[in-house]
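We just call them A, B, C, D, E and F in the order they show up, numbering each chain from 1.
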Amino acid sequence: MAMLHIVNKSPFERNAFKSCLDHAVAGDSILMIEDAAVGAVDGTVFSSDLKAAMADKSVYVLGGDLAARGMSEDRIIDGIKVVDYAGFVDLTAENDKTQSWV
Amino acid sequence: MKYTVMVNEGPYQHQSSDSALQFVRAALEKGHEIFRVFFYHDGVNNGTRLAVPPKDDRLLQQEWSDLAKEHDLDLVICIAAAQRRGLMDPDEAKRQGLDADNIIEGFRISGLGQLIEGSIQSDRTIVFGD
Amino acid sequence: MATKKFMYVNRKAPYGTVYALESLEVVLIAAAFEQDVSLAFIDDGVYQIAKGQNTDGIGMKNFSATYNALGDYEINKLYVEKESLEERGLTEDDLMPIVWEDEDDDWAEKPSIRIVSRAEMADILADQDVHYSF
Amino acid sequence: MKYTVMVNEGPYQHQSSDSALQFVRAALEKGHEIFRVFFYHDGVNNGTRLAVPPKDDRLLQQEWSDLAKEHDLDLVICIAAAQRRGLMDPDEAKRQGLDADNIIEGFRISGLGQLIEGSIQSDRTIVFGD
Amino acid sequence: MAMLHIVNKSPFERNAFKSCLDHAVAGDSILMIEDAAVGAVDGTVFSSDLKAAMADKSVYVLGGDLAARGMSEDRIIDGIKVVDYAGFVDLTAENDKTQSWV
Amino acid sequence: MATKKFMYVNRKAPYGTVYALESLEVVLIAAAFEQDVSLAFIDDGVYQIAKGQNTDGIGMKNFSATYNALGDYEINKLYVEKESLEERGLTEDDLMPIVWEDEDDDWAEKPSIRIVSRAEMADILADQDVHYSF
């Protein structure tokens, strides 16, 4: 019964991403889309929170949203997987359900 | 897999409509079924035909309309949200005594039950919002 | 039709945005579908069920009484996160006393609000089929 | 004191339109001058006449329209933002070859220069947004 | 050349209020409207930040927005003044300019 | 007409919302009014001028090149907050090299971007007449 959490808010602007991390359970997956993509970058004030969550959760970022904001893939946290929209669809199919942290 | 997609923001102001459109296209390409797209809150504003094609940008309302035609999608606008915000089809405009309507081809106006029913019938419900 | 577990996730304060009001409108319609309905109040969502709401000064409709009607629709699982209350300086006493009448227990009035910890909330969210986010 | 007020969100979704309306009323009551109210971003959606009066709630679009009539207010909708979102007056609809328009009495459509000019002419510029 | 800062976002949801506090200067005024009104309540995780700002800035809350969210005036931080829309207008007139932290 | 100091306060990431794009549209119109125009990039607003933006994957218009045109309109005061960059793991090297040509200095190319501290930004904001918030 794994869940895909979809986050679309910058972790620097809103508490939605933090709230997602606080409520996701072991084995869940987290996908960053839209403004949330900037949360994938390493060396930010948010990256330690995200790394801690990665201990027992899988984390993905939508490549198109990362590139749109000028962040190249080589600066994201090790272990975060970059997906395109086809990969986004696959994640929704592979997990039993999804929750959007709008 | 069968999907119901919920779009809660209008075009342009937030990326939600863009993201939902890209998601629906990708799902269709993979052979999944889009059972219904339900437009709620400001999402109802995606269904207007009075937007003007910009010189160098996408026209989201038209893209939804074209996609609906191409794939015979069921694009449903919530009537209660639409009444607050001024999105009308010919029947509803007439019923309310209004002198115009603004819905674009490919969308229809209906009740919130369509959302619940969509989620019951579908394997997955995906929400795009602010 | 199959029965699914529907979760309404409410994370925003009322009135500043329309989400709280229009979330409630979905919940009321959902009641007719005989599904398993729960509401979660997390983060600023806890203000939606704060007692004593008075909108006279802002010209908007006060819809808070509607939460009291949910029991009549057999919607009686309102999960409220303890940590969300605490961070905002609130306790259960600051919430409306929302109740429902238990048909199977001689119509006894029972509380609809269940205060849960963040960890419990995570498990409750994980146990649902459909998540509407407002 | 002379004010220009900017409204950046549509009705209902965010409180901005309500707050701006209350502010403008209070300023007028105190004898201040509202030089202009400029509607930008989704704020353009405050100017539709196709919204339906709810049974038990305010109809913001009508309240703006009534206030404009009562106090001869200059309510300006940004044309670029309006074109994206589908808010049209009869002239613009005709020019674009559209079969309908949806602007409500009391609003007019014009360019962004009206905002800048408003801020230059006014003592204060107050922004209401998301 | 004092400025009125208008904040309309909950300090628990977004960083706008914190950013306002970080950028207001001594002698400025801060007015909480809409969802920001909940920031006036004492005993929250935000109240110490706001109290610190009150050392050299005046802080106001729109009473209508506070009441709408069920928060009574007796629980707000000492020293925060409650105003109505007429008071809001007065604040914009008394200060030389305003900035909205949307 | 009197000359006023106009400040465009940009605090949000591009593409997730329309504010960055429509802010820029106001700035371009403002150029015709011969006012004193400044732009501030604070919080997530710093991503608006990040270099290498590529929107191919999301189907939206990439408008970042427009910032390079601002110099032609004599808009050359783009204040970027140092702390906002640092919190996001960014440095000045991550920003587009936006420049303007100084007519009074033999059209020498000069940087439009000025990195300032949070305290300096507070003083800059305090020194304006009109604040547009995006």
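Rule of thumb we're sticking to: contacts are C-beta pairs under 8 Å (C-beta built on N, C-alpha and C of every residue); 3 or more make two chains touch, one makes a residue touch a chain.
These numbers were taken from a predicted model, which means no experiment stands behind them.
> Out of curiosity, which chains are bumping into both chain A and chain F?
B, E
> Of the other chains, whose C-alpha centre is the longest way from the centre of chain C?
Relative to chain C, the chain with the farthest C-alpha centre is F.
> Centroid from C-alpha atoms only, then distance chain B to chain D, rounded to Å. What do you get?
Measuring from centre to centre gives 25 Å for this pair.
> I'd like to verify one number: the distance from the centre of chain C to the centre of chain F, where each centre is the average of its C-alpha atoms, in whole angstrom.
Going by mean C-alpha positions, chain C sits 43 Å from chain F.
> Which integer distance in Å separates the CA centroid of chain A from that of chain D?
Those two chain centres are 38 Å apart.
> CA centre of chain A versus CA centre of chain E: separation in Å?
Going by mean C-alpha positions, chain A sits 33 Å from chain E.
> If you look at chain B, which of its residues touch at least two other chains?
In chain B, residues 12-13, 15, 19, 22, 41, 57, 125, 127, 129 touch at least two other chains, as defined above.
> Find every residue in chain E that makes contact with two or more other chains and list them.
8, 12-13, 15, 34-35, 64, 84-85, 97-98, 100, 102
> Can you list the chain F residues in contact with two or more other chains?
Touching at least two other chains: 15-18, 43, 58, 60, 130-131, 133.
> Hey, which chains are touching each other here?
Applying the touch rule to all chain pairs gives A-B, A-C, A-E, A-F, B-C, B-D, B-F, C-D, C-E, D-E, D-F, E-F.
> Under the touch definition given earlier, write down the residues of chain B that touch chain F in their complex.
Checking each residue of chain B against chain F gives 12-15, 18-19, 21-22, 56-58.
> For chain B, which residues count as touching chain A in their complex?
The touching residues are 1, 3, 8, 15-16, 19, 22-23, 25-27, 29-30, 32, 124-130.
> Could you please specify the touching residues of chain C with respect to chain E in the complex?
Interface residues on chain C, with respect to chain E: 12-17, 43-44, 47, 50-58, 60, 62, 64, 87-89, 94.
> Can you name the residues of chain F that touch chain E in the complex?
Residues in contact with chain E: 9, 11, 42-43, 118, 121-123, 125-131, 133-134.
> So in the complex, the part of chain A that touches chain F is made up of which residues?
Per the stated touch rule, the residues are 8-10, 12-13, 34-35, 38, 41-45, 47, 62-65, 67-72, 75, 84-85.
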